[in-house]
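What follows is a set of structures for review.
Two complexes come next, and they have one chain in common, subunit A, joined by subunit B in the first and subunit C in the second.
For the complex of A and B:
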């Protein structure tokens, strides 16, 4: 027995348990982000951090300011597709026109139009090994008006 | 006619694009995401729970015949428990993130709860029971072993060096209490694994209230089989005869546990077949097709029916079967059962991802050799607990040859403690328990 009136092995176990629980409590205090739980089960500051990021996409209106002729054509073909869906995020290009957008290839078309059973049947799809293999898409299709030939 | 041609062309295109898919599968079902690591995870936790429950037969249910494997079963449970989270940590690919789950746990997260159940089971049950059981030996070894090894044992005593009969009796009573708490804890640890699968309502192969029960019984079966295997192997390595009474007792418990496990799983299948909901056709196809070898041949025939027959024979004709034959029957049955339970985990985890939720198609799973979720990693994870157990056995289960004569078994210890054998005089201290 000791001054706590506990057998030695129980005293050791009590102290060890207190040490483990205390370590967890301290670790939890130190490792939990300060704003965790401010609004819900996540880090509250994450909202401000996300909101403060500079947008990468400029939006179709920004494209239309300089490329209204192309936008006009696109409304008749790929009317539901935003410019940046194919031309990539372009806020840098909007700020500085010398920075060009990505160059488009056949894969840009096939990303949506290669045959895939998961796509709706009404969606135009081609099997590349059968559909004019070796030729490029833009030889027969205008990208902004895909129903028209060049 | 044109529509038929379109369907034919469409099917040909599907076959060309997804050769591993049969019939119709949704796009997110073509790849099996829970791979061999998720198979091994419930297998290892099941072995832990089973080994612990077998050890509890000695402590709580006073099955004296199993005393020679009591400590071995606890050490086995510890070796496998240390490895239990590894498959998950490897699977998520960011093992350091497990800390976040523990620091800001959410009650709705099964993974967070697993962390606490695991910590509880490891520290409040298994390590505590081992410490109480070994405290006397730690004190003795701390005094007798030289150098670092002695210092290591002294450290493990945590400074509690009182080994008077009164103190040992208190250890014994606390140990029984911990084991009693440990049984529901072991059920919780492994029942939780079955719970994870059983609560996935979208998957008819998994979403089943019997799933935690099936997992627990298969865990008990695999844990006892593992103890039979390790006890036999350890005796062989130490050139010692196995205790036939102990093996007979383990064989008896193994047989009855396997019988209950088989009955519960058979009940599950009978219920599925009789209720015949919309998923039964695809499940029957799955069992007879993709899982034919792993389920019907491996799990059912090799892992269940043959061991049931062999172990049943030892129960019916035990007296007529020579001892050396019975030993081999137990060993061989244990190997088959361990393989069968591993295949059961495979069938649940992989099988549940092989059929489409459309109930109209299947995908294929091919296990890679190397890589994060390959054969080699899986094999390493299954071998690692045995390596850890080897170390634990060397440290904490000394060979009987190194022990004084007339070494008592664990079953004799409480009585010895109460009789006052091993008072503070080191010459009469309670000798260490031999295997």
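For the complex of A and C:
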């Protein structure tokens, strides 16, 4: 008997349990990442880390700043297409206009306009062997006003 | 003999224990609040994930199969170049006419996706006369309400964010690949460099900056409709899409409740 009035084996058991629970509590506090549980049962900082990548595509609005003339003149058909669909990821060019954008060829037109039975019929399509073979598309079609010729 | 533990003492101990248990939830809330002050997970420009809910829908009728989305996705997210790894891709469905004399509405279904459609589609080898109909189907993470991938993950590395995206925490992922097997839509892959599972993040780094996902940005025909359910704009593209189309989900019998809706899709699409 001791001053708690408990048999020694019970006291030892209580102390041991307290030690285990205490160690668990300390370990849990130390090991759980700081933002765990901020939004749910996961690390809240994972959202921030996923969002920290740098975008490569600048977005259609970015081009307007310096090339608003192009987007204003663009006509039916190609008006709704984002600049970067054709000119490809250009955020480097937006930050520094000296870095040129990708050079475009006839293949970039044909990617959208070569005929394919799986394409919706209302989409304007051409067959290369029939549609003025040997000439470049932009010799007859302005890229931003495709129904006009230069 | 004096009893070793008096009734008064035992009752007191029990009451104390009950009080401690009852105070746990408050202690936890207080702890979380303190932690938030010290380590707040704020996304770019004060973006608050609880104030948005993103969604993408697909109008199959508009897709022309140019493959710019698959190409842009790879570039934007540094997806490994090999043709085994995709976060989004395009499939070409060609449904043949039934063989002569066969009492059927349609014949064989041929599905191909050369390099995920990333370089566009070469002309099909099926002669035009044999084709009943054909169309392109863009695929991406279906953003399931009951995600099998999140349920399969043994370490809780995959989760639903408050803004409607399913993300992978690469620091938790142990690369076991269970989620890749669990996804019925085949939307995940194992990154060969990091050995962690990867998937479409709806371009989380773009939408948190007010940009559109790369695939939506480059789509020339608006076949991918993207919007924020919590902040509908005037003439919101998503609301218009729902109003004007009859929409379906992929593999509805699995009970995954995909949030991504497809319009004008055919029975053959899986």
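The working rule: the second predicted complex is superposed on the first by the 97 of 150 C-alpha atoms of A that agree within 3 Å, B and C clash if a C-alpha of one lies under 4 Å from a C-alpha of the other, contacts with A are read in each partner's own complex, and residues count from 1 in each chain.
Keep this in mind: a residue touches a chain if its C-beta (ideal position, glycine included) is under 8 Å from a C-beta of that chain, and two chains touch if they have at least 3 such contacts.
Being a predicted model, the structure only gives us computed values, none of them experimental.
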Note to self: For A:112, using the defined touch cut-off, is the partner it touches subunit B, subunit C, both, or neither? Pick first, second, both or neither.
What the structure shows: second
Item checked: Partner chain(s) touched by A:53 [first = subunit B, second = subunit C, both, neither] -> second
Next item on the list: Once the structures are superposed on A, label A:139 by its partner contacts, choosing first (subunit B), second (subunit C), both or neither.
Entry: neither
Next item on the list: Answer with first, second, both or neither: which of subunit B and subunit C does A:98 touch in the superposed model?
Entry: neither
Margin query: For A:27, using the defined touch cut-off, is the partner it touches subunit B, subunit C, both, or neither? Pick first, second, both or neither.
Written below: first
Check: Which partner does A:41 reach: the first (subunit B), the second (subunit C), both, or neither?
Finding: both
Next item on the list: Between subunit B and subunit C, pick out the one touching the greater number of residues of subunit A.
Entry: C
Next item on the list: Determine, under the contact definition given at the top, whether A:85 touches first (subunit B), second (subunit C), both, or neither.
Entry: second
Margin query: Taking the stated contact definition, name every residue in subunit A that is touched by subunit B in one complex and by subunit C in the other, in rising order.
Written below: 7, 37, 41, 116-118
Check: Along subunit B, where are the residues that touch subunit A in the complex?
Finding: 6, 10, 13-14, 16-18, 26-27, 99, 103-104, 106, 123, 128, 132, 135, 158-162, 167, 170-171, 174
Checklist line | List of subunit A residues in touch with subunit C within their complex | finding: 1, 5-7, 34-35, 37-48, 50-57, 59-60, 80-82, 84-85, 89, 111-112, 114, 116-120, 123
Check: Which residues, counting only subunit C, touch subunit A once they are in their complex?
Finding: 4-5, 32, 35-36, 38-44, 47, 49-50, 61-68, 72, 75-77, 92-94, 120-121, 123-124, 128, 131, 134-136, 156-157, 159-162, 167, 169, 171-172, 201, 203-206, 208-209, 211-212, 214, 217-222
Checklist line | Contact set on subunit A toward subunit B in their complex | finding: 7-13, 16, 20, 27-28, 31-32, 36-37, 41, 115-118, 121, 127
